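Quick one: the structure is below, and I'll ask about it shortly.
Going in written order, the chains are labelled A, B, C and D, and every chain counts its residues from 1.
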């Protein structure tokens, strides 16, 4: 018996779309850094590679700490936290971006800080600047020295060169040159600033904590610190928060909003609130919709843990087929990257998941997953289920086929690696080797998220480019590199 | 707004009973250490503090590595694994024992190794020796030098002093002096040995992998390496496995078996098989039984994640009340111990769990948990649920009141810290501040694990001392230290 | 007996002037990084806090690694060195600067790198820019974002904004704006560049290695890699080295040279060659000169190890009094900083040095040291010698009284902490409590370094500001902060 | 130009004999651990691989810490030192022994601790037990479990099995079974114990500190803590120190003493006192004797740093030839082991040493070294000196030819790797390629250490087995392994 190839990367890591960032800021509290750390801990699912915190204290000025690894491992020690004094702070968690091949350096970790003539400012950015290459070339030509490979650094250099006098105005000035998707949390010595791009692609919410205020990618980070959820920052809005309160501006030309629909499907935490409803309920509704659209006779509805769980519960409730945990996740899996080859990643699923063999044997099983990206994990899970003696395997997917890459702050494989970019639904079923495979329709998804009339094809209510190929902001940098937009139909 | 106290220990760590060890061994494979590492990874829930592996290679002899921390962090690197060559190996994962105040030293980490006149042997032990203090005194008086504070080290010293000639016979000789609960995996240069105590308190199973064999605390560790589950080792059985096959002995005086019933309730992984059925199904059956015994009108059945999940599903299926994830676990919580004071542990729940506020508001909620130990976590969770606006909170517990400590290899608080040792069910309800609180009955639990006639009070089919106070093996060391047995009724 | 306060900082760390940097570069070799690492290892005495290396490879572009700690600990591992491919590289070792209070961050560690419109460049700087504050203000006003607190970063921003087309010309342009002392090693994709300021305050030498070339602060780094010492770079000279050979320019207005005389006294390694003679021989000559100027009857001449050794040998040879190692250095002292309070530093000498009690007892001892800065160590050593039973203690110092801080790249205490700034020689003798104390005269020092007619007071042949208070470059930043120049006499 | 092979082991590591241990103990002070740590720091030259400290506190009992690496890196942190409370403690520093091939494990690091029926004891051992193999076999046969591969562990097992009642008597009982060389420091809850073997091969001294006492391998460790040197422990003496004072016993049969003469030549620190004189003075006297025995005309006397320095000074004083530092040691060399192949070790000398080229060129140089073991380093140094342009190179060695391995606690190569075991002095001169090579005579060495009549060949006053092949204790274990004693003449 030869030894198992060992050890093993996170099995799903290249078979999910990954949100690239979470941002958080707070003002008007004692020891802001602790709040920022707790907030980032609650947003860890949005970025696990690295995190950073900047604070400002009237006596000790700006301080920052940036580290690779989890918030809980870096921003809990007395020795680190006491270097971050003051009532005002912002923070950032991040994944590595697709282009960097995992070679992120600490200098790429946000927040970024710049010293301007009128004082310093720090910014943390969630999203992606689609004209970053052109901006960078222009800034270098004018004499800026870039320290990171991050597109977000453009913002701070644009701010440094702005002719405006105060920092919020410089920030407006800078962001008007920026194309793409961005939610930004920034700070000066006395102000906490939040901005969403005109389309509002990425989320940003406002909370109240005692006499202070906070900004966060999601409401779950308000809960952890006991803050009250006030409202979402609106698309195109800039809020400038001081001890005096919250001022709101709309510095950009108004446009129809295009919130990322995948936040509902996968990125946001189920206990966060989006559009007035818990994400969990939305996902349960997607499962119900899927059960209506694509029913099948079976003995059990099982989620692919953990992200398929709410939709599987919804599918079970709608169909009346019992819900069961046919696949068990090893909670000690962690993120161990030793030989992250394609081959080992596939093999690795068994380290993270195990089939409940005694339960599954002889059963017709519906597996509910949130999405299919490359399909590598789906095949492996199907093999495990059949190997355990299941009689039939039916896949039900809580999102439409993912056929286009995202250029707005989400890590997606190149288009040719997306299963749905190269196969029809039927070819995918054959490829995966399952008895049936059904995706929710794009209209069904819109209904489930609350658009009772479905998708408005003339002007879709969400950004759904990953499904539809309709990009609300032209991905200039990628087109320059050879990416082809969908042909007009 | 003052800063949150930060950071924070694992919130449930002192409010659960904790299995103290997992053991695994394999013979007849190429690179045994990789299989042992995978097996221990699957058994990590049985012991997270430290792990160790010993292997034997005909050319390089015995080698060992013992480390604090998770298997995935220690036994995955090339540099460690290549120091563990050979076709035969055993391993162990452990928690700290109650007495050591968390000051485990690396010398306490198993497997233990001894060089005897006829060659070396290594052993790994799951359970607890109830006469260890007396044995240790006797051995020291005779000139043995103990290297650890572990009760398990007695076994290897008894073996060293045995008059028998070969190692399996020395082991029988030694174990006949030992009282308590033990499953042991041991190895010599050519043999893999497994033993269960005469009562069979702790589990041990036999698997087949290619031309080789393995022994494991649970079947989930067979699944991860692709081994076939052959059978459970019987109470009082010793198996000696060589290249020639499996020999079985019964060196102890036969007794009625007393398997730990809490393995069904909490310790074992839901995907393991115990008594021919998946633990998941047993727990679902406990939930159904609980719904029959203690029904209540409500809007939602929510598990306390993650261990209450199967019973909650069973409760929902039996009662028809919809199942929902009202509490969301932060999957990045980890085990961060910085200031593990009582106060902070209570506070810490919020770091691990968040209530799905939008879902819970205005609802009557049934919370299903596996057990109540100190009750500290239960109170905190109830507060979170009410704070989120629930109309009613009903606790349903998938085990009887835990009123007695375990002395057979499980970490339990002192008796006076067990909520059920000092309060009636009604007092507990008031203490926890919930609308209703119901535990499954001891008979109900026996029925759910498959004893259709319930508990045989003359000779219970399981060890249920933690519920009943009836200890099948006299806890001599503890009585010496002042522990009072339940008065005969 | 109370416990000794423990542990203990490097005992001499605040009682020596410290050179702040060493620089090294090489072109035209296979695996330049290994040569740079070896060169920096040989220059480690010029900066022990941190080091960095940048290399360029035609295929993999620029790469860099910057680390805290010794070269031997950071730039020896396969894993680090293989990230630094290519035939061209530069490196830097540094101390923390006086102003930073020991809080150097990794972003302050050189070489600095900048991406310009025509390609990247990296620079490493030894010295100090005396108008850095003014330059920084100007650059920030124009929109530059500084990443470090280092004065050296000004150079790269000035280069980024230069109107010149190629990098050597941009560098000339930048350095013309810079005041102070600087030796610079820089690189582009194809060029290795070396520059010394017009006064030539800091050293820089050229070496030949096979078909390649190298630049180094000192010749000892040529020896370690087996390179041939060609010549010193001249004050005000810029050399641009390519595969085609070495081009020499003189971009600055010519001025009389002012090489730092303290390089002879203490900074340079004794095996380096300065002015055609080994530094060891110069220091021996200083000792001889000192013996002539300030003879005394005694039994032994002992060096204060290790820096006083060559002068002590010279003193012994001139005076005929036997040389002996009366003080022994603990070679395992290292740099352990745990509680670097003033009190402990004083106490700490005993950890590093021990008196040879049996040898010293009853003897008249001449102690030869290179310099007296604060005098704290000198007092401690005198106490140890007397405590061991010496009959008389005579201090002979191989440099004139250090009465003025250096602003040209040397870490000196504030003026009021320099013993010689506040006391006469006689007051110092009383303060130190020794039988006699004599410094070499400034003229004597000039004679010993080879100026047979001594110091030309109209136009001194060296920079001797630390002794004379005559600063060849106006220390603008320091004057802005309140430093008072010596009143004209 | 190919890259230099990099990096590089300590260049002298296999070309010196190495003392294997230093021991230290203290009683009657506040916070004994700090004193032990300081003492071990001063003894670091006797063992650099690992160190350990055991202390006893009336309330907290025995505590220990054992670590790889330098004392200064391990036993200085608050976190480690506060785990070692109490007024009584012992410690140990060690090299790896020849047999272990550098694979020392932490369980091999002393002090060793044993719990006996009447209480615990810890021991630290300097020396080597020559019948350890036979003892170990016997002890295992009787049922002892060994935890380490160290010969010293035999002592603690013998003590455990002794029939005597108190620990000092058990220790006497155990040590009477032990053959070889040993100095031992041990402790119980209330006693500090010191013993030297009947021959007194390894050193041990007694010191007074305040109201307390200490034991140390050398006097330099008394100096560092400010203790007074009282006297050497005598060969065959056991001292038992309590609060009541020092009791002395002589439990062994008296024998003529055989102190290791190599302690004078190399092992002991020059500032330690042996036989009433500083080791430095003895080495200077060896140099003088060598100059008398083997004079040569030359321009410079240069030490091979650092161990050849005192003898070189003595040679210079006797001969009148000027002393000079022709070879400079890089003080930042450290112990970096990355690829410790034979080839690289030879190459590595250049990383540690550099020739003072400008000084050496054209000169006739006498190089004084303490010993020649394999001769690999000597050849390399000669190459460097000639490469720098020396006209003649004359080696003078401050010890006789090292022709036999030591079995009494010193790490020596196998006999066939000792240069002097296979070559005559003349063959060695040719092999090393120098103009002349002279060793001090054995009689000359005895005269220099104070035996005015030279060596008493009937009963030598010292153990000089490494030079003479006359072993005062039969090396039983080695003979069992095939070592041949010198044929009787």
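Here is the rule we use: contacts are C-beta pairs under 8 Å (C-beta built on N, C-alpha and C of every residue); 3 or more make two chains touch, one makes a residue touch a chain.
Chain labels with UniProt names: A, B, C, D = Amidophosphoribosyltransferase.
Please read these numbers as outputs of a predicted model, since none were measured by experiment.
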Remotest chain, subunit A as reference, centres from CA atoms: D
CA centroid of subunit B to CA centroid of subunit C, Å: 62
Between subunit A and subunit D, centroid-to-centroid distance (C-alpha), Å: 62
Chain centre separation in whole Å, for subunit D relative to subunit C (CA means): 37
Distance between chain centroids, defined by C-alpha means - subunit B, subunit D (Å): 50
For subunit B, residues contacting two or more additional chains: none
Category of the chain touch graph - line, ring, star, complete, other: ring
Inter-chain touch pairs (all): A-B, A-C, B-D, C-D
List of subunit C residues in touch with subunit A within their complex: 106-107, 114-117, 140-147, 156-157, 160-161
List of subunit A residues in touch with subunit B within their complex: 1-4, 6-8, 28-31, 34-35, 37-38, 41-42, 44-45, 48, 70-73, 76-78, 81, 209-212, 220, 223-226, 269-271, 273, 276-278, 280-281, 284, 306, 309-310, 313, 317, 322-325, 328, 330-334, 336, 338, 350-351, 354-359
